[in-house]
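Next come the structures, one after another.
In what comes next, chain A is part of two complexes: it sits with chain B in the first one and with chain C in the second one.
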Partner chain A sequence: MQFLSLIARNRLAAAGGIVLVIVIALALISPLLPLPDPDVTDTANRFLLPGAEGHLLGTDHLGRDLAARLMDGTRLSLAVGFAAAFFAAFFGAAIGIIAGYFGGRTDNLIMRAVDMLMAFPYILLALAIVAALGPGLVNALIAVAAVNIPFFARNIRGVTVGLANKEFVDAARLAGLGHTRIILTEILPNVIPVIVIAMSTTIGWMILETAGLSFLGLGSQPPQADLGSMLGEARGALITNPHTSIVPGAMILVIVMGINLLGDGVRDALDPRLRSGALTRPMAATQVRRKGPVPASEDAEAVLELQGLQTQFHVKDRIYKAVGGVSIKVAPGECLGVIGESGSGKSVTALSVMGLVASPPGVITGGAARYKGEDLVGAPYDHLRRLRGDRVAYIFQDPLATLHPLYKVGDQLAEAILVHHKVGKAEARRRAVDLLKQVRIPNAQSRADSYPHEMSGGMRQRVGIAMALANDPDVIIADEPTTALDVTVQAQILSLLNDLRRERGLAIVFITHDFGVVAQLCDRVAVMYAGRIVETGPTEAVLDAPAHPYTARLIACVPELGGGRRRLEAIPGLPPAVDRLEPGCAFAPRCLKAQDACRQGEIPLEGPGAREVRCLYPETELKSEGVA
Partner chain B sequence: MSAVLKLDGLAKSFPVGKRLLGAPRGLVHAVQPVDLVVAQGETLGIVGESGCGKSTLARMLVGLLPPSEGTIEINGAPLDNADPAEFGKKIQYVFQDPISSLNPRKTIRQVMEAPLKRLHGLDRAQREKRISEIFASVNLREEFLDRYPHEFSGGQAQRIGIARALAAEAKILILDEPVSALDVSVQAQVLNLLADLKAKLGLTYLFISHDLAVVEAVSDRVAVLYFGSVVEVGRAEDIFRAPRHPYTQLLARSAPVVGRALSAPEGKETELPDPLNPPAGCAFKARCPRATEECGQRVPKLEGDAAHRVACFHPLEG
Partner chain C sequence: MTGYILKRLLSAIPVLFGITVIVFLIMAMIPGDPALAILGAYATPENVEKINRDLGLDAPLVARYFIWLGNMLTGDFGTSFSLNRPVIDEVLDRFGATLLLAGTSFILCAILGIAAGVVSAARQYGWADKGITFAVLLGISIPSFFLGMMMILIFAVELRWFPVSGMRMAYGGGGFADVANHLVMPAIALAVVATGVVARLSRSAMLEVLRQDFIRTARAKGVGEGRVIWGHALRAAMVSIIPVLGIQAGFVLSGAVYIEMVFQWPGVGRMLVDAILKRDILLVQGGVVFVAACYVLFNIAVDVAQSLLDPRIKT
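On to the complex of A and B.
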């Protein structure tokens, strides 16, 4: 149902589908229509024009009724096209799945054979097959199907290779399934959408190819009509009686267009990437629809200050409150840790600052994000673009995904500099090498000419940091920059970041889920849960005596090295879905201390001095000496 | 305690630069010969950084990869054919990524039924009963059975993965980074569940992880892997507190710990040696502060008493 509504939304595909349905319906009911016999010749009435009495579309060179032949031919061409597509898909998919699943030498032999088939121009190959088998519609069908097998085989093999290495296939083998069962029950169901997509986009071609063979007299034999043979027979009278060519020609055009439009629609509707909206281009900056007033700047010293920032995702009729009013600030040279589990809104908070949350579906609905006092929410795109990467830079978790695989890292760094500064290419290159040295990449001069895949994970993340430093920013927002790295490499990256902020007075917002990392690097920490900050304060104070039950229990459930073998204090339940938050404290359903009061109304984030907690019954009473 | 799992010189090398016919251009030794014994009811932790061969070792143990050399013995009987279905009844595997280890187009019931049907040949009523039992033991509701994998959170999916491994009734479970894809609060739930199941069902675990703290918290003994070799094996409470191999010490010092000042324990560029062109002697010598000439000449053997073994010519005082 969802599939049909997706196709209906695509107007071109819907139009193609409607045209196709009409053509097929006409072709199917044509035997019931009061049409003359398509094969009866009547040379006295040859080349009658369309509209002639008893001959709606006129007659051909033997005086046969064109309308009847057209319907007959359409039925035949459609049947041959669909049959050829089905056989090509069946055998192609079988070959592709076997090659992709077994891999190794089997794959090599099969695919080289397929490559050899593909090396022939397809029409020549089809001609050769028909020449060997003899002319006739069935042989033309075989030829067209055979010629298209390589296309399916290659497509399906590619998909299967990806699937065959998936963990669920390994799991099936461990569950005792044999190869045949794995192919039929694990691989095939995941491949079928690809087969359907490939079929929907090739049926049109197959009809054209069959028509081509018939046109050359190798397909349907007289007096039987198909669209190609009708065109072939009309060729002699192309100039004198063009209507005999135009009628079948127009029908081929209509059918192939209809099928291709519908096929594209089917592909778009079935492809999971397209369905999730991957191809809907996000806007250059996150949409802003602020409802309340913009809060005034409170802290002149903070280089970055978020005030009650709210970011939501509007998906169909649901509203996900990913960030539900977050206020944080960082001073120059300060490192703020933002800690939280997945879905707590920590990354969305970070991306909202520079309007980098994809819109749609992201919308900033309230609050302000101030860089040196100036509100960036809703700032013109040109202004945001000047600041992005220049004054406020990001480091992401996976440097392999953020570096362009086809450019040398030195060139990518130079580009980052050239975007914001008017310097020569040589100067940009010199600065790029300098940056690589600053992040302690050995042999920076030669490493600048490496491609990202030639570097290890740790080296790539250094390049990511160099990129962030390229324009000497005031703020770096690092989103889990060491999560994908090994511990020995992580230790180096952390100490590098620490040195940089001390040397340059950088403000760092460090997003992580690891208390150990926060403890070592950050001056202050903010703990997020369900889109809001539940506790904040100086790192040491928060970690030593957490005030919010969530912080306390999160710390308790992480094993710490040196603690020996033990049972962990797990938090039961799951974090709440942010599209249906209950009133009161979001942690209440999982909290052992929750009272009725916790489930009612807004609980403020408050406390004396530097420490603040959003809890009615905190673990420790906050005292004002916590002021940093 | 008796040994349930014994690895004798188990090694894996992969050919590189394959040609259509004839011998490959070279071999990468992903796992150097490994000897390990796992006792009944024990949890053996295996730690190492990316590329050290942990996952290759794990895949050999469950028969997903045929070993190049060496043997695997379970309860004294050698397992020499690389047939996962044979292995499946004795040793099972819990995958790192819980979602991708479940076929997106199968319901959980279909996933759970496969091992019961194929490995144990149970009929419908028996399967129904077993699934209820297993689901109860991993704290999953039976209404989940008719749903598809994408409807589950990571923690729930990982519990389904554990339930599937339990369905095979193997007594040995290989846990390959079972919690690294999970959030910390959920991670603790799964680790505790694993501990409960082990006690209740008398299981033996091989727990593979890159997270030293997690490994320390769940293991009886820990083996440290570097560049395809075991460099140190010892009791979990000792190995990171008093490491004897310099690499173990480096790992322990690199792990971020609350209350310890930030310092890079290692100044130079740290990369694993090139597997295509492995160094002579000890693989760690280029990064090792204690390396001497001897380390470049011979490969140190894993030596020591039963409780603590180390492969180093100049071990630290434990």
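On to the complex of A and C.
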């Protein structure tokens, strides 16, 4: 039922289905309609035009009624096409299930044969079969069905292989069921949707192919005529009497188009990946639909300043408030750590700055992101592009996925330079090699010609850092750059970043879920929870005496080497879903100290000096002389 | 690389072998006396005796296969009785014309299909995407032979832009301009379906790639959107588009049969259909084996192209 309603919702598929039903109904009831006999020739009235008296669509080269012949031919074409699809599906599925279920030698032998058959351009095989069996509609049907069997066999085999090792099949085997029983009761029901998809996408082809063989004179033989042979017979009079060709040709087009529309609908309805609408591509820059006023710049010193930034994901009728008003700032040479669990919105915050949040579904809905005082939210794409990688650069997590797999790393580095600087290729290459040396990659000259998959994880991450440094930016936003690495490599990368910061006066925003990393590298830290900052302040002060209960619990989760027998306390519960945030403190449901007041109204982020906390009952009272 | 090509060529040998077995088995399905079936209307007693001797038709099935295979390996595909000339000569004469037609169509479908797919993906849900999606649907639903006939009506009969047919030789005759003039309509008619399929698959391959992290990296570097789409994304998408092109080459080669009939193109496809109608079995057999073998070799070229494009494939 759900399946039918999905098809009905797809208007194109429904239209295709309706057209198809009408055509099939017409073809079926046509013997009952008051049409002339399709086989009666009347050479005196040949080539009558459509609309002639008694002949709705005119007559053909032998004076036979075209409308009657069209209905007859349609019935024949549909019957042959569906029959071919059925036989191809039946035998193909049988072969595929046997190969996939039994595996091993059987599978090998069958699939070799299938591969051989697929090595032919399909019509050559069909022609060879028709040549052997002789022209005729039944033989054409056999030929078309036969050449499509390998396609079904291969598809169904793939699905069956996946099923054959599932627990429920093993259970059936252990229960002592025979192979036939297992195939019919356990495998087949799971394979049928795949068969239906494969049929719905190939049946149009089958009708085209049988019509094609008939068109060539190898299918139905006179006086019997399907749509293909009607078209083939009419070809001789194409120039003098085009209507005799157009009538059957247009009918084939209508049928096949209807089937294809419906088939696409069936595929979309049965393929869950397409159903969820997952396949949308992100645009060049995140969409901006800003409500409310743009806040004015507050800090002229800051090189990067976020003010009440809000980013949401609009998925169907749900709104996920991934970033719910974040304000942070970084001065030149300063390193700010942004810490939080996965899903707390820290990465989305970082990506929002340069409009890199995937959109759709991402939308920036409020606040400002200022680079040297200039708001980048809603800035023209071209301006944004010129700043990206040049003034504000990113380092991403998992460099195997974030580096282009098919470009040499040297070329990827050179490209970062070339998009912002007018230099020659040789010069860009020289600088790229220099960058690789700076991030301490040995044999930089030859390493520049490596592909990402040829490097280790640590080396790839260094390439990622080199790429961020390519244009000597003012700000680097590093999104968990060391998470995928082992501890020694992580330490090297961190000290490398620290050196670069001191040498070049870089501002760094370092996103992580690791307090150890924050302690090592960051001057200040901001703790995020459910899309908002709950505590911020100088790293040492926050780590020594966390004020927000969440920060405290988060720190308690970190095991400490030689730290005695302190119990590691996991935080009970899960972070809230950001599409259904309750009023008040988002952490309240998991907080041991939560009072009724915590669940009401907006709780501000405030504090007397460098430290601020979003909590009514903080763990420690903040003093105004918070040491930086 | 040379080693990889050699390896692929060697792996083609069993496939070629399998092709000959399949064709042979299909032809062995012909009921009745094989000599009479092969000769058909030309079954004079002398011919029957000669063909029985040449092809070992009174020998058992397996022996017959190896005699036939041995003959082919020495370049002897038998004699066409309806044309009264060696099969291989006829096939080679015709193959050039088919290659010209199918090759042109293939290049057209690759370039237009990929371009349409990329534009469609880059403008997802926009007007260009909707227009292309509709055109693609129309393209893969229209029978190529019907399309060819309609093109003749419109562009040859009404507008008189191109000749109706009358291509005699794909090479020679009226020179390049004449050949090109004859080629335009059949090449387009043949390319339409494959273009639609390539466009569809390119679109989904591009959508898949555009969501990848390395595309975000390119954008974060400040690479312009044109270069992101036509460079970074397309380059990665080509890895899944190339195999589709290999399959489409088979469809183009297949569709050439219809188009050659519609436009009276002097290629292998028309030869095969004529041969079937005249029951010239040896000509069908030889033609099918020859074209299928060429297709297998073409697919090796596709694999090699793929390995050049994707450094992750071990060569």
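Just so it is clear, the second predicted complex is superposed on the first by the 441 of 628 C-alpha atoms of A that agree within 3 Å, B and C clash if a C-alpha of one lies under 4 Å from a C-alpha of the other, contacts with A are read in each partner's own complex, and residues count from 1 in each chain.
The working rule: a residue touches a chain if its C-beta (ideal position, glycine included) is under 8 Å from a C-beta of that chain, and two chains touch if they have at least 3 such contacts.
Only a predicted model underlies this, so the values are computations on that prediction, with no experimental measurement involved.
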Chain B versus chain C as contact partner of A:D299, first or second or both or neither: neither
Partner chain in contact with A:H420 - chain B first, chain C second, else both or neither: second
Touching partner for A:L406 - first (chain B), second (chain C), both, neither: second
Which superposed partner A:M116 touches (first chain B, second chain C, both, neither): second
Chain B versus chain C as contact partner of A:D170, first or second or both or neither: first
Partner chain in contact with A:R235 - chain B first, chain C second, else both or neither: second
Chain B and chain C footprints on chain A, overlapping residues: none
For the chain A and chain B complex, residues of the former touching the latter: 105, 108, 166-168, 170-178, 181, 185-186, 189-190, 341-342, 442, 456-459, 486-492, 494-496, 498, 513-517, 519-521, 543, 553-554, 557-572, 574-575
In the complex, chain C residues that touch chain A: 15, 18-19, 21-23, 26-27, 29-30, 121-122, 124, 137-138, 140-143, 145-146, 149-150, 152-153, 157, 164, 204, 206-208, 210-225, 227-228, 232, 235-236, 239, 250-251, 253-255, 257-258, 261-262, 272-273, 275-277, 279, 281, 284-285, 288, 291-292, 295-296, 299, 309-312
Chain A residues touching chain C - in the complex, by the definition given at the top: 112-113, 115-117, 119-125, 127-135, 204, 208, 211-212, 215-218, 231, 235, 238-239, 242, 245-246, 249, 252-253, 256-257, 260-261, 279-282, 284, 351, 354, 356, 358, 381, 385-390, 393-394, 396, 398, 401-407, 415-416, 419-420, 451, 453, 467, 470
In the complex, chain B residues that touch chain A: 20, 49-50, 59, 62-64, 84-85, 87-88, 92-93, 95-97, 100-106, 111, 114-115, 118-119, 153, 155, 161, 164, 167-168, 183-189, 191-192, 195, 210, 212-214, 216-220, 236-237, 240-241, 250-266, 268-271
